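The following pair of complexes shares a single chain, chain A, combined with chain B in the former and chain C in the latter.
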Partner chain A sequence: MDYLVAVLLPQLLHGLVFGAALGLLALGLTVIFGLLGVMNFAHGELYMLGAYAGIAVVGVTHSFWTALIVAPLAVGAIGAVTEVVTLRPLYRREPLYGLILTFGLALVFREAVRQIWGGDMRRIQPPVTGSTPLLGMVYPNYRLFLLAASSILLLAIWLFFTKTRAGILVRAAVQDAEMLDGLGVNVPRVFTLTFAGSAALAALAGLLLAPIFTVYPQMGVEMILLAFIVVILGGMGSMGGSVVAALVIGLAQSLLTLWMNPQRVAIAIFALMIVVLIVRPRGFFGREGVLE
Partner chain B sequence: MSRVLSWRAVVVGLLVALLPALPFMSKFYLLLAFDALLFGAIAMSLDLLIGYTGLVSFGHAAFFGLGAYSTAILLERGVLSLWACLVAAVLVVGLYALVVSYFATARRGIYFALLTLIFAEVVYTFSRYTQTFGGSDGIQGVPAPRLMPAFAIDTPLRNYYVVLAYLALAYLVCRVLVASHFGKVLVAIRENEDRARFLGYNVQRYKMAVCLISALLTGIGGALYPGRSAFATPDLMLWTVSGEFIIMVMIGGLGTLAGPVIGGAFFVLLQEKVSSYVDWYFMVIGLVLIVIVLFMPRGLLGIRAMLGFKQWRATA
Partner chain C sequence: MKRLTWGFTVLVALAALVWAGAPAVSQPKVVKIGDLGSKVGVFEGYGKYQTWGVQMAVEELNAKGGVLGHKIEVVSEDDETKPAPAVRKAEKLILQDDVKLLVGAVSSGATLAVMDVTKKHKTIHWNSVSCAEFMRTTKFHKYYFSNQPDSRMQANGLAKYIVDKMGKKVYIFYTDYAMGQSDGRQFKTALEKLGGEVVGVAGAPLDTKDFSPWFGAINQSNPDVLFVAFAGTDSLRLMTQLHSFGMTKKYKMAGIDCFLLQQDLASIAEPMEGFVQLNHFSPYNPDPNMQAYNARFKKKFGTDANIAAGSYDAVLFWAAAVEKAKSFDPDKVAEAHEGMCVDNTHIGRQCIRKEDHQVVMDMHLYQVKGGKNLPIARIAGSDSIGEAMVGKDPVEGFTWEIKKK
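Here is the complex of A and B:
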């Protein structure tokens, strides 16, 4: 019982917190993949940009809350411009070119950040300090806030995709962009706005996680691999699947650290993905024959 | 001979062989030329997959790194024969490539790219945290391999000719392969996989075979690397290195074999030139890649076609 409260429960919560934030990141990735057929290798850099934009805003306004609003908007704008300038000319070409292009974008973003802010590790002070007694243990307030914020965001995204016209248009574009175009919808604009939204989500995840992780130019490189695994596990292009898979990965990672050292955990996560792909190639919720 | 190997290739090869005779070819430039040829050859073997078969491997750094590690481990333990190192590299890389290609070729498109990436990341993580193989420092300061018991490949000049021989052989293998029936089937798979399957070809077996060949050529290149650098580190296998290999292929021109050789050499020289002036060369590389994808999808070799009013179509 002591073990349960002192070790297992905090680790379980850690996993949930991380999984929910990872879900925000993976969701943007999977929507873009469904829409453009492009696995966005620059997504990790958008996540990193979010944290750095946050640092910049906090530096000026000394308010994490302002940063939480301004940083995703700024990164979303960067995403929109990037999409219009570089990805739009590639719509009619094979997805391979988009994939390679985003790899180039990632290099540019990473290097730009290193030039502006330097390569050092940085930290952001959590806006909420202290901890709360919870189920017989004490848990940091910021992580609770992170869990609540991610959950509310995920819920809001779900409502957006199911209840609003804009969200339904995005889903329609994922299903059949040509048909949507035929119905008179400005599809390139849907693409651009979705890309901007996914960039903003990645930035938000980056900034939300910044107070519990460190911020450095390479931070997106490791994160994006995890996000790829989540997207594959959830089933390419399945939004619900991505969220479930993100929670599974988050929990698996934090629970496995109880018994293994971190590098074994990394290998175990890779192995989990490989096994799932062999047993169930479509991932948890992927539809048959989609995007293969 | 003329169908497989053009006279132009032979002449270029001889000129490259005479390169060290130039007066300004110091040790430094010889080593730079070594890198240019080595990565040119690796980009060329990756082109078999990307350009000819339409499979984007994001895990070639693992083949390269495993080859380098095989050599470095043997050299460190006193096995100095280059041939033994090559055999070891072929065995290790071949075994690993067999496993990867079996699982990766079962899936198409993006899945193939991501599966090769994840497998490579397993190898990277493993090498990085295994203390027997030096952990994150890798294996440093290994002795030079020997071609024959009394002939060590210990000067930049000797290394240069070894890598040139490797490039020439690899080029020959790739040319023969591409011109053969096997090569035609690969292109058929790239153009329309379902139709190739309906024609009765066992598509997965063809894909596995080309993966294996490409991986082995890359692994042999990796096996030559410690002879030049005297080390093998986990960073050779970082997934961004795989991305750099793809950039080399793209710069040169997909599906041309000669293009990626030029692309690899160009990449190495650009890196050297730019990084000696400014420290943001990755920005330059990224921008070059973006410009090439957007405006010259056929790479440097495509410039010929653009100037020469040939039909200009993006092939991939």
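Here is the complex of A and C:
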């Protein structure tokens, strides 16, 4: 019982907290892939931009909560402009063009941030401090808040895609954009808004994780690798798959650290991705044919 | 006509005299020394204070006429806490600035790399911050000196206190590069020799942002004491995170020298409460020499001294050796250092051991109470320094394997 509470429970919570936040990032990535057919290499930089936009807003307003609203909107707007100006002209070309373009965008965003804010690590103070005693162990309040916030967001996104007309339109566009176009829907606008929404979601994840991971220009690169693994495991383009895979990765990572050094766990997770790519390229929940 | 020639000759002679004599009269001779350390990144605080220590010593020496009739000038360089830039900057200091002494670096990885440069160019090299164990053993060279207690000295000093007073079951958590690995090896060896049980070891990379993935394994091992070998902003983050998970209260905490600067202690006083640390300086130590040094430091920089005491002493040792050798010739200065004692260091009289050029420094054990490092024991340098092991691996046959009891 002691072992369960003192050792396993905190690890399970770590896994859920990290998995849920990772889910937010991966969800945007998988939606963009499903809809636009683009593997967005700049997604990690949108996550990073969220954290820096948060620093800027906190600097002016001294309020993390205001930043939590303003920063994702600002990054969403950057996402919309990026989609219209750079990605849209490439939709009819080979997917490789989009890949190279987003790779370039990632470099542009990262270096721009370095120019503006410098390369030093920055901290954002968590808006919620202190710890809560939980079944005999102690857990930081901010991480509990993070778990709650991510869960609510994931639920809201699920409701959006299943219950609202806009959400159903996006899903329809993922299935068959040409047919939707034929039915009179403004598909380019759906594309732009979806890209902006995914960017805002990435920014939100960046800002929510900033008080734990700190803020630096490279932060997106480290996260995007994990997000790619999540998307591949969950099945490229599968939203539910991404959320499940994110939680599985989060939990696996935190539980495996009980028996091996976290650096080796990272290797194990990459190895798992390679195996899945070879044996079952569509991932756990992916549609047949996306990568086969 | 004859008078004119005579007058002209005198004029030329006078002009020549003025031209040749002017620099000698108005500009004293200058000798440069190099200060190499982290000015940005995880150890930037240490680099800043190393520079301040050097500056203070130079100012005091210059006020007394410099060294060997030369005014001392300091050239400071940033090594970005990485070995490659450290080597580049060391080459620049030696070849371009012609420094006669190089103080640095801060990170052990950088210092080990710089040792090759100072060996190649025969430059006197003082290390006053880095504590990896190989500098006075396998990497040792004639021109290298150190007054920083290395991992072995620290382990000898602290392990006994941990086993006697804090608990026998110890978990070692270290920063995974030269310094932390060295500390981990030495502490594991020393603890096991004294009958302590190392229940777990883990390394986290330098500049780790989130340490919580490592906490499960620590809790699983259920130690009495959590021994942490980190420094700089890593220490700040680690302690804050351990505290938020209730682990600073659950385990007794102990750590290496340099774990935290006194200046940072105030901001995390609560997580650090009760922390036992070996250190070679604290402004709360009543030692009269330390108090006198701290008063001068505080007057100059407006803050308490810390690891700056090390680089301050290093410059004093070098200046004394130059005076003794009556030359800046590196071979003569290096020989003059050996076995030399200096009376006016921050802790009074200290001597350099001839065999491995390590200063036999007395250290203190401190415990944090209310954000202050209060001394709890003094450990004689002669008890902790261990035998000279030049050219040998100090922990030959070491293994990280945990011996199950």
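Note that in this section the second predicted complex is superposed on the first by the 287 of 292 C-alpha atoms of A that agree within 3 Å, B and C clash if a C-alpha of one lies under 4 Å from a C-alpha of the other, contacts with A are read in each partner's own complex, and residues count from 1 in each chain.
The rule we apply is simple: contacts are C-beta pairs under 8 Å (C-beta built on N, C-alpha and C of every residue); 3 or more make two chains touch, one makes a residue touch a chain.
The model shown is predicted, which means the values in this text are computed figures rather than measured ones.
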Touching partner for A:138 - first (chain B), second (chain C), both, neither: second
First, second, both or neither for A:10, with chain B first and chain C second: second
Greater chain A contact set [chain C / chain B]: B
First, second, both or neither for A:105, with chain B first and chain C second: first
Which superposed partner A:263 touches (first chain B, second chain C, both, neither): both
Partner chain(s) touched by A:95 [first = chain B, second = chain C, both, neither]: first
Which of chain B and chain C A:121 touches, first, second, both or neither: second
Residues of chain A at both interfaces, chain B in one complex, chain C in the other: 261, 263
In the complex with chain B, residue positions of chain A that touch it: 33, 37, 39, 41, 86, 89-90, 93-97, 99-101, 103-108, 110-112, 114-115, 221, 225, 228-229, 232, 236, 261, 263, 266-267, 270-271, 273-274, 277-278, 281, 291-292
In the complex with chain C, residue positions of chain A that touch it: 3, 6-7, 10-11, 14, 120-121, 131, 133, 137-140, 142, 212-214, 253-255, 257-259, 261-263, 265
Contacting residues of chain B [partner chain A, same complex]: 50, 54, 56, 103, 106-111, 113-115, 117-119, 121-122, 125-126, 128-129, 239-240, 243, 246-247, 250, 280, 282-283, 285-290, 293-294, 297, 314, 316
Sites on chain C touched by chain A in the complex: 40-41, 176, 202-205, 207, 209-210, 212-217, 219-220, 222, 233, 237, 244-246
